[in-house]
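In what follows, chain A forms one complex with chain B and a second complex with chain C.
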Partner chain A sequence: MRKRDKYCFPIISTIIILLFTFSFQSVYASSLPNGDEAPGRKLAKQAVKNSKRWTTTDHAKIDALNQDFNSGDEVTQACLSCHSEAATQFHKSIHWTWLASGDKKDMRYGKAGYSVNNYCISANAMEDKGCLSCHPSWNKKGDKGTVNCLVCHNNSGFNFTETFSDIQAFSQDQDPETDEIVNELQMEVKQAVSKIILPGRKSCGDCHFLGGGGDGVKHGDLDTSLTNPNRKLDVHMGTDGENFSCTRCHTTVDHNIAGRIYTNPAVETRKSLIEDDLAPKITCVSCHSSAPHKNDSKMNDHTDVVSCQACHIPEFARVNPTKMWWDWSKSGKMKNGKPYVEKGAFGKPVYKTMKGEFKWEKNVLPEYFWFNGSLTSITADDVIDPSEPVKVNHPVGDKTDPQARIFPFKIHRGKQPYDKISNKLVAPLLTGKKGYWTTYDMNEAILLGNKAIGIPYSGQFDYVSTTSAFPITHMVAPKENALTCNECHSRTSSRLSNITQIYLPGRDKSSLFDTIGWLSVFGAFAGVLLHGLGRFFVRKNGREE
Partner chain B sequence: MKDKNTIKIYLYTRFERLWHWLQGLMIICLIVTGFEIHGTYTLLGFQKAVNLHNLIGLTWLIMFAFFVFWLLTTGEWKQYIPTTKKLILVFKYYMWDIFKGKPHPIQKSKGAKHNPLQRLAYLGISAMLLPIQMTTGLLYYLYNDIPQIFELPVIAIMHTFIALLLLNFLIVHVYMTTTGHSLFSHIAGMITGWEEVFETTQIDAWETKATKKN
Partner chain C sequence: MLKKLIIYFMVLMFSITGLNTVFAAQGPDGNKRKGKYTYRKVYKACSEAGEVESSVPKISPADKKMNEWKTIFENRQFNEFGCLKYWEKLSDKDILDIYSYFYNYAADSPTPATCK
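This part shows the complex of A and B:
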C-alpha cells in the first residue's frame, strides 16, 4: 500500500501538469500577442498581394489629349475617342442619374428623386444648383450636361472649369495680348489634362468627405482626414499601412461602384473570395473570411452575430469632428438685420442663419443596431407621424435574419420642416435667387422645392424631429485598438444595452433565478453565522463538559 | 472518561486529499471568475476571467473523469450510498445537541467517512449539481460548435443558478469543518489524512461496507 503511494504522487502530478499545458495551449493560443498570424490577416494579405496597378498607357503621349482644349466638353470628346463606351456606361450609374433605380420614371429613391435627409434635405431633382457642384458633369449642368471624366480620373488639382470659362472669355476679343494668355492657359490645361489616374482617395473624397455641405458633416467615418490617414486612423487606407484607395474595396464593374445604394445593401450575402473570387471586395468577409481570428479564438464565435465594424471601429470622427445635430427650426435669425455665423468648439459653426443650430462631436461612440445591409428610407412622398421623431433612415434587421449583424451607426439628429396638412417631409429649395439662403422665406422655399420634385405642398409647415442613420464602416482601427470584451459584456455600461434578442453574458441575467440563488447564499451565510454564534455563546463548541 | 480519549486514524489517502484541495481550489477560482463573467463585479477583466474560467473548467472536467475512475475502481463510490439510518439523529445533533455539547452521533471510520447527512449532501452535489454544472459549462463553451439543443439563456441561467447553489454549499461546508473536536481538527484531518475519532467508537456493520471485500 505504502509502496504504491510512492509512485502514485509523481504519476498524478505528471498528469496534472500535462493537462494544464494542454488546456493552456488550446485556451490561450488565441490571446498570445506574438503568436502566428491570424488566418483572416493572412487571407487578406493574399487578396491584395498584387497591390501595384500597372498600365500600358502614358496619357501624356496620347495624341487625342495633346491638343488645345477650349471647353470641358472637348476634353470629354477626347477621352471618348479611345474609351468609346465610358460615357454610355457612366450614364447608367447612380453617380450620374442620382436615382437608385437609374430610371427617370422611378424617382422614389435618389438625390434627383424624392429622397430627403436631415442635412440639406433635398437636391430638388437637380434644380438646386448648389448641390450640382458634386455632380460629375461639366459646368453644373447635371444629367443634361457632358460627363466630366476628370473629376474622378485626374489628380492635377487643376481648376479646369474656371480655366475654360477664362479661355472662352478671353477668346471673345481679338486682342493679340489676350491670345498669348489663352495660349498659356491652354498649355496649362494640356499639362494638367494628361495626369490621368485611377480614382484615388482624394478623387472620391472631394465629394464624399464633404457630403452634407462641409468636411465631416455627413458620415462620421468619412472626412478629409482620410485623404492621407495614418494607419491608426484607418488600417486599410493608412499611408503608413496598406495605403488602400477607395476602389480597393469598392470594386467596380462598368463604372458601377460597389456599395450600398439607399435601401439596397452593398451585397446580398457576405462571401469570401475563397467562396467566390469574383465577388465584390466590399465586405470585410470578402478578404478576411468569416473566421478571421486565430484558431480557437472566442472572437470567431462572434462573427455570426456581431459585425467586424462593431469591435474594430471603437469610435468614429477620431481626427475631424462630425456633425451630430442640425436644427433647421432655428434658422433665419438675424443679427443687426444680417445673417450671421457663431463658432463653437473645434472651430466649427454652432449656429448659421442659413442652416440653423448645429452640434459637433469628436471621438464619437457609435450606436448599435441589428443591420442586414438595408436601410429604411422615408422620402418626401411618404406620410410620417410627426408626434414622434421620424426615422428618415434606419437600419433593417433582427436576430432571426441570417444576414443581420450588430452594427455601429452614426445617428444624426435634427429638426426639419414638414407639411402640416399632408404629413410629409418637405424639400425646401436652398440656393438660387429664390432659394431660402437668399430670401430666408421657408414657406416660399418649400413651395419652389416641392414643385421641382413634383410633390404638392399645402402651404403650411412646421418642424419635426428626425434621425438619420449612417453605417460606420471606415476608420477601422489597428487590432490593438479594437474594443475590449467589457465594452459590451458589462452589466451597467454595455455599448449594446439597447440590443435585444440575444443573451449577452455579463450584461444579462435572470432576475428570478439570480434572486433565488443569492437569497439561498445569504440564507446559508446567515444560518452558519447564527449557528456559530450560538455555539460561541453556549461555549461548548461541540465538546461535552 | 477514558472511553472519550481520541485517537487518530488514517482516513483520507493522498489521492483523496490532493483531489479534495485541488477541486476546492478550482471551484473557488471558477466561482470568482464565473461571477465576474456574470457581471457581478470587475476583477481581472472580462477576457482574462473568461480565459481562466475556460481553462480551469476544462481542467476540472478532465480531472473529474479521473476521479470517477478512481471512485469506481477503488469501490469508494460506496461511501456515497445514501441512507436514512441515523439521518434524523445527525440532523438533530446539528440543530440542537451541538449546542449542548453532546458528542456527534456518528464517528468517522475507514469504511464510513461520511455521516448520513454528508452522504446525502455529497451525493447530491457529486452526482447531480457537479455533472449538471459541467454539462452546462461544456455546452456553454461549445455553444457555437455543436447543434444548439438549448438556447444560450437556458444554459447560462442554469449554470449561474447552480453556481449559486454551490457557493451556498461552500459556505456551509467550510463552516461545518469547525464543528469537529476542535475548530480546525477537520481541516487538519483533510490536510494530513489523519482524522481524530474516539478510541472506543463502535462501528456498525453497515458503516463498513466500503471496505468489505469478498
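This part shows the complex of A and C:
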C-alpha cells in the first residue's frame, strides 16, 4: 500500500501526458499520406472495380446500318428497327421535351416553358433556333422532328446534318459530276454511322460543357477541360484516375438521365449502394458512405452538415475561365455604326454588341449555402420585386432541414430585361430575322419572345439585377488539395462567413461560451492541482498511523 | 491569218471579260456546295500524297471577309492555301465553285462557316 501511494502521482501524471500525446497523434494520423486507406475510398474502389463497359454488338456488322442513307430520319428508322422502344422512351424525357413536367399542359418549368436564366434568358418554347442546336432532333426541328440517336450514341465526329443536306441538294442538281460526290458522301456516312457508343464525356459535353452559349459559360464546374481531364482536375473523370463517363453517376432509366434540378430535388435521399444498388442517382455517399474518412477522423463528424463537395472542390473553373457577370443593359452599342466585340483577359469577350458586358474568372472560390437538393426558380410568369436583385435560381434548405448540407455554388450575376408594368422577367427572341441579334430592337425582341411562350408583354421594359445559382459538384480535386480546417474555422477569412445561425468554432465568438469554456479549463486544472497538493501535504511519508 | 488572230483575240478578251463580270457581280455564281467538296478533295489528295499532315483543310471561309476572298480568287493568289500543285490542276469552273463556297460563307456573310 505504501509503495502504491508513493508512485501514484507520477504514474497518473505520466498516463495523462501519454493520453494527450496519443490523442494528438490520432488526429494528425488521419492526414498522413502513408496511413491506412480511408474506408470511404475502399468502399468506392470496391463499387467501381468492375465498371469497365463492354458490348455484345458490332454495329458495323448490322445490316440495317449497311445501306445508303439520304436523311437523318432514315438513320433513326434503322436504329429503331432493332431498338424499337427507344424513341418512345426518349420522347418522354426532359432531353426531348425540355419541360420538367414532360407535358405541354404544364409549361411552368423547363427550357421549352417559362423558365428563364440570366445568360441567353430563354429558349422561347423552341422558337429560338440557336438554342435548338442542342436539341437531339434532326435538322433543328425540336420536338416536331425525329430523334437523332447519333447525338449521344455516335463518336465519329462526322457532320451528319450537313452531309445529308448536301446529299439531298446534289440529288436535285441534275449535274452528273455531283454523282461522284454523292457516292463518296454515302460511303463516308456508312462508315461514320456504325461508330455507335454508349454516351461518353464528349457526347454529353458537346452541349453541357458549352451551356449558356460557349465553353464554360454557364456552370463553372463543366467545360471542355473535362472532355479529357487529368486526375488533378477531377479524380473521378480523370483519364489517369477512374476515367468515369458522365453516365457512371448520372444513371439512366428508360432514357431518363438522373441529376437534373428544377424544383424537384436532384437526390431525394442519400443512400449507399449497399442500401440500394438501384439508387436513381449516384451521389458521393452512394460509393463513399456517410463516414468516408478514417474512423478516428474528426472530419466524419462534419458529413451530416457539410457536403463532400464543400471541402473537396476548393475552386472551380480551374482550367478554363467561366462567365461570372452578364449585363444585357449594355448590349446594342455600335462602333462606326457596326456591332463589335472587345476581348479581355483569358482572350474572352468582355463586350459584345449582341449580348452586352461580361466578366470572366478562373480558379473561382465557390459561395456556400444550405442546400437540400432543390432550387427555387423564378420564371417568366412570376412577379418579381425589381428594387432588389432577383434570385432567378437559389438553393433551398436551412440548418433545420435534415437533408440540407452546406454546399458550394457558382453565383452568376447580371442584369436582364423585365416588364416594367407586370413586373415579370421577359424572354426576348434573340435569333432569326426578327430576333434581337439581327434587329437590335429589344422591345420588338421581347414582344416576339414572350408571344412564343404565351406570356403577355406590356410594351415597356427596363433592366433588373439578377443572380443565378449553380451547384458545384464536378471538378473534385485529389484529397491533398481539399480544404484545410482553417479555410472555414477562421475568425477573419472563413469561407462560410455567410452561413449564419450556427456556431462555427474558430469563426464565431461567444463570450458566454468562452467564459464557460475557460472556467471549465481552469476549474479542471485547479481541481487537479488542489487534489495533487492535498495528497502531497497530507501524505505520511510512508508512515502509518 | 490576221483575221483569225483578231477573232481569237476577241474571243479571249470576251472570255476574260465574261469571267470578270461573273466575279464582279454580287458574288460568284458557282456551285458553292460543289465547291466545298472540290476544296476538301484538294486537301484529301494533298494529304494522301503526304504533302500536308491533315486532310482537313486548314483554312475556312470564315477566316476572312468577302472582299478579302474576292481579292484572293480574282488574282488567283492561292499560296496561302498550300498544295499549289493540286490547285493548278483545277479547272476554272472548279475554282469558281470554290470561290463561291468561300464567298458565301465568309466571316461577314449572312451565314459564316462555323466548322471546318
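In this section, the second predicted complex is superposed on the first by the 477 of 545 C-alpha atoms of A that agree within 3 Å, B and C clash if a C-alpha of one lies under 4 Å from a C-alpha of the other, contacts with A are read in each partner's own complex, and residues count from 1 in each chain.
Keep this in mind: a contact is a pair of C-beta atoms (placed from the backbone, for glycine too) under 8 Å apart; a residue touches a chain by one contact, two chains touch by 3 or more.
Model, not experiment: these values are computed from the prediction.
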{"item": "First, second, both or neither for A:Ala169, with chain B first and chain C second", "value": "second"}
{"item": "Chain B versus chain C as contact partner of A:Asn159, first or second or both or neither", "value": "second"}
{"item": "Partner chain in contact with A:Leu533 - chain B first, chain C second, else both or neither", "value": "neither"}
{"item": "Touching partner for A:Cys82 - first (chain B), second (chain C), both, neither", "value": "neither"}
{"item": "First (chain B), second (chain C), both or neither touched by A:Leu198", "value": "neither"}
{"item": "Which superposed partner A:Gly506 touches (first chain B, second chain C, both, neither)", "value": "first"}
{"item": "Partner chain in contact with A:Ile181 - chain B first, chain C second, else both or neither", "value": "second"}
{"item": "Complex contact set, residues of chain A against chain C", "value": "159, 162, 166, 169-170, 173, 175, 177-178, 181, 184-185"}
{"item": "Complex interface listing, chain B residues touching chain A", "value": "4, 13-15, 18, 22, 37-40, 42, 45-47, 50-51, 54-55, 58-59, 62-63, 66, 94, 98-104, 143-145, 151-153, 156-157, 160-161, 163-165, 167-169, 171-172, 175, 178-183"}
{"item": "Interface residues, chain C side, partner chain A - complex", "value": "31, 33-34, 36-37, 115"}
{"item": "Interface residues, chain A side, partner chain B - complex", "value": "5, 8-9, 12, 15-16, 19-20, 23-24, 26-28, 31, 298, 300-301, 304, 484-486, 489-491, 502-503, 505-510, 513-514, 516-518, 520-521, 523-525, 527-528, 531-532, 534-535, 538, 540-545"}
